[in-house]
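Before any comments, here is the structure.
Order as written gives the chain letters A, B, C and D; numbering starts at 1 within each chain.
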């Protein structure tokens, strides 16, 4: 069993910590958090212990570090962990600032670093990708990514979020790159504030459509809204030369009611921690693979690329013009 | 174009008359109905003319007769038409009384007679049958037929209907025979009055389950209720050695609403004339085939067999015992 | 019954002619076509007669004219019919050239003219619109229109088609306007040639994504491809403040096969004449309404507006820039 | 945390042991199995230890016993555990022999005993039951239970299984009782050997239809086959006075492929341990509830009742007659 430490004992730290603790190939050797109470609560829950950041970095038996702290610390902790020779599991995004993120290239460009874009590990999207890769529907031509939150966050969250593209769509930019299999050469985005005027007052948008075009002419549309009104809306359609592969939303159960009003299915899953519970488990399992020698399937360079697309999209909305990348 | 006359200008006569009038291979040469007003109204609507029964039978240019009159006249008109050398399109059932229906065997056993079990001509059920016959799922083992009306008829209708098995399930017995492809050797039926006590007071049931077993051991269950609560419920599942073929209910449209309550589809079609509109057209088209020489795909013998199963099911409910056939 | 004449006895003329002839409120009084054989064949099939253009226009008993001739004649025949005081049913598009189409404003701006955008009459899309208009899901925010042909037309067709936007997407521009309920202020389109290199050699594209933004900030994406690989792909998703309304593709039947490979449904309808058969009937019925006094629900101004969006989209692809409208 | 011991370290013991070990309210204090190797392997895997049956029964700190041993030992171990004052989690069935099972009534009739009919704990079936109980579709009238295995077991398994009704349908009899909410008064079953002749040679059947009727006239049909050909087929339809509630099969993923052949979904889950993984977790969680004082939701009396229905069904097949219960 490989020993790992986790930095960050908040909501997402609890998810990753649990998955590490329950993974049969990992041992959660320590929990790091400046808030002592949070650290000790999580350590107790998971049968681990509180350690300091230094201990985590110095202990040679700890070969991997899970970074689940606040976004503005991702980059610094990653660099520290890289310098200490640890394998890194870093929650997305790499950073909110592209220039800053790029400045760590010397330290992180070659690091053994898993940037945890969880959707790449979702069983449904993995099944979709496998179908595409199998060639069963020919070669890919275009992609439609639909990614809407159930309901808008409070304005205070929005204010610190980095904006819709860096906060929400960053996942979709990564999915687009993963599926398209080649780099994007042009980004056009259009946005509106249709859901909550308070978001507009903060200078942000809550509804967007982004069009990506790749070097070879493949097209991708990303649809985002801060509020679907019906649940967590996470769908992909991939058009290929012989047909279409799609992954749909996930329902609470298979139950249907048939009444005079027609057939109604159960509710859509509403919460991202439910929708991606298995994805979180699988990405931790991939980290276990890495600690046994495997290469990271998604890392620093992918984080930079997704962030660059997010900045390009934001610029496109600001200028009203397409942006070449 | 082959000339046909129709006997009966009521609701079902209007359906068959229209389909005959609009069929490019048929000419509706006359409408027969003892109620002069009904006959002339339908003749006017369809660009045909009122004729007498005798005229219909004697006119040698009329080669086919469509019998859409009340059930108790089906047998007599069929015999008259057969004796006159006409091809016969007779609305189901052949009769409500098995002995009486059998007594016409000498006249009708060899007649060119289409007994209009409309469901055999439904595009969905025909597609299901085609898949089974293609062998794509191996050989058939068992069948589930679900056949529920949207809401119960008035007691007055029930009183004259011949009972649930002869009135409703007669269609399902025919479907079972059509799909099973061999004769039924045993019938067990159980019934309850769960929908409308007035039906029970008439000595009838409104809910039934019938189990059929064929000589080779294939099994079939027929589920019937006078009231589904959600629309016209007409479904079939055919289990075969390599899988299942099923035909589902038909919806009013493809529209769905996704809301907090979940995904809801449009209403189920509620009315048999909508659900089977195309089936009625196709069975009339098959009659046109017959007038051009084709053999009837379903005829007198099938009417007798379905009626025998209905009587067996009714007996099973009465006695509480399975009935060998 | 109102008498109508049809100009054009080709494929689409046959559809409209049949629907006129079978409509209980219309009488098809004549068929006009410069190709005498085509005119007489259609007239014979529909129980009508061949007449000249002049006869159609002069005969005062003919109150409506159906224009189903080649696109380049739509405008001229419409003007002639308008001058003759006829109600006009004109197959889309109004013309391939926006300036030319606009030049007829004096004659057609006030004409009783139904511009036959058939999709507005499709039962599924009408049901979708009705749900939106009912307010059941709140107010509309954005629309996704997916409109892919089953397989690409021959290059010869493409060459004369006016290009993807005027030929295919013209329908989608009209649908967008119909659903959005306000005018589009900005158009951005991106196109690729991914399906058939011959289309690219003609200077056209076969795959496009178009983003529309309205004055109030509503967003609409139109996805087009000359080839879906799986059938006629005609879907709409309308996002509103309380949820989503969608209309899906239509299947050949409700039959499913469940096998080791999973559940497979029947094929998607492949041919637009099947998919929109009922839409064509309903638009002819709307023409009957017009002849009885109703206003056209879609007319000359809508044709101009859709054409303007098509030209804007084409310009956007050419320049790589969004186009204000 | 309540301490529990598990008896039986085979396939199902591993499932229950794991769920106990991972349940935050339970501590797996020991593993009992006559095969020492099996016991120590499971104990090691779950961080528990090997203990003897006597130790499990005598240790007062162990308050619950999980019986996951072979079927013929369920009754004896349950009686021992009851006499030792333990709460009992006993894998179904209570026994293969109704008389023998009934003979333990004095010891087990009042025991704190969870008879682990896992399907009652399946999230889909629980959601279905909740909808029924909510009254949203009125009162229940009839139930259709479809329960087909993916493929037949080897004849050796069948020979020791107690036959289709006790081995497979025992679950369905319990589901029927759970949903119908009243006792069954009549059972009719018909069976065939259609799947594997070797099963017939053993005097068993592989395909059955069972009709249950309750005192008040509610009807239930159970469809069973040893081989669906497409996966684990576990569906329920409950007909109520205002509509239908149904729970469908579970798919491997939400992925669909749309191709010329139509839309195909992913495969059906094939293995009962996948299909009911969450049910197994939930029933262990219910055992934790019991150890904290809750009453068992399903126990000895339910095991007896289901077994009685299985024997009645087998007798009905043997005699060809319905059996009153």
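We adopt the following convention: contacts are C-beta pairs under 8 Å (C-beta built on N, C-alpha and C of every residue); 3 or more make two chains touch, one makes a residue touch a chain.
Treat the numbers as computed from the prediction; the structure is a model and nothing was measured.
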item	value
Farthest chain relative to subunit A (centres taken as mean CA coordinates)	B
Which of B-C and A-B has more C-beta pairs touching across its chains	B-C
Mean-CA-position distance for subunit B and subunit A (Å)	57
Mean-CA-position distance for subunit C and subunit B (Å)	39
Touching two or more other chains - residue numbers and ranges from subunit D	137, 228-230, 242-244, 252, 258-260, 266
Footprint of subunit C on subunit B - complex, ascending	22, 123-124, 127-128, 131, 136-137, 242-250, 252-260, 266
Subunit A - residues contacting subunit C, complex	137-138, 141-142, 144, 148, 186, 188, 190, 192-195, 207-209, 211, 213, 217-219, 221, 223, 225, 227-230, 233, 239-244, 320-322
Subunit C residues touching subunit D - in the complex, by the definition given at the top	228-231, 251-252, 258-268
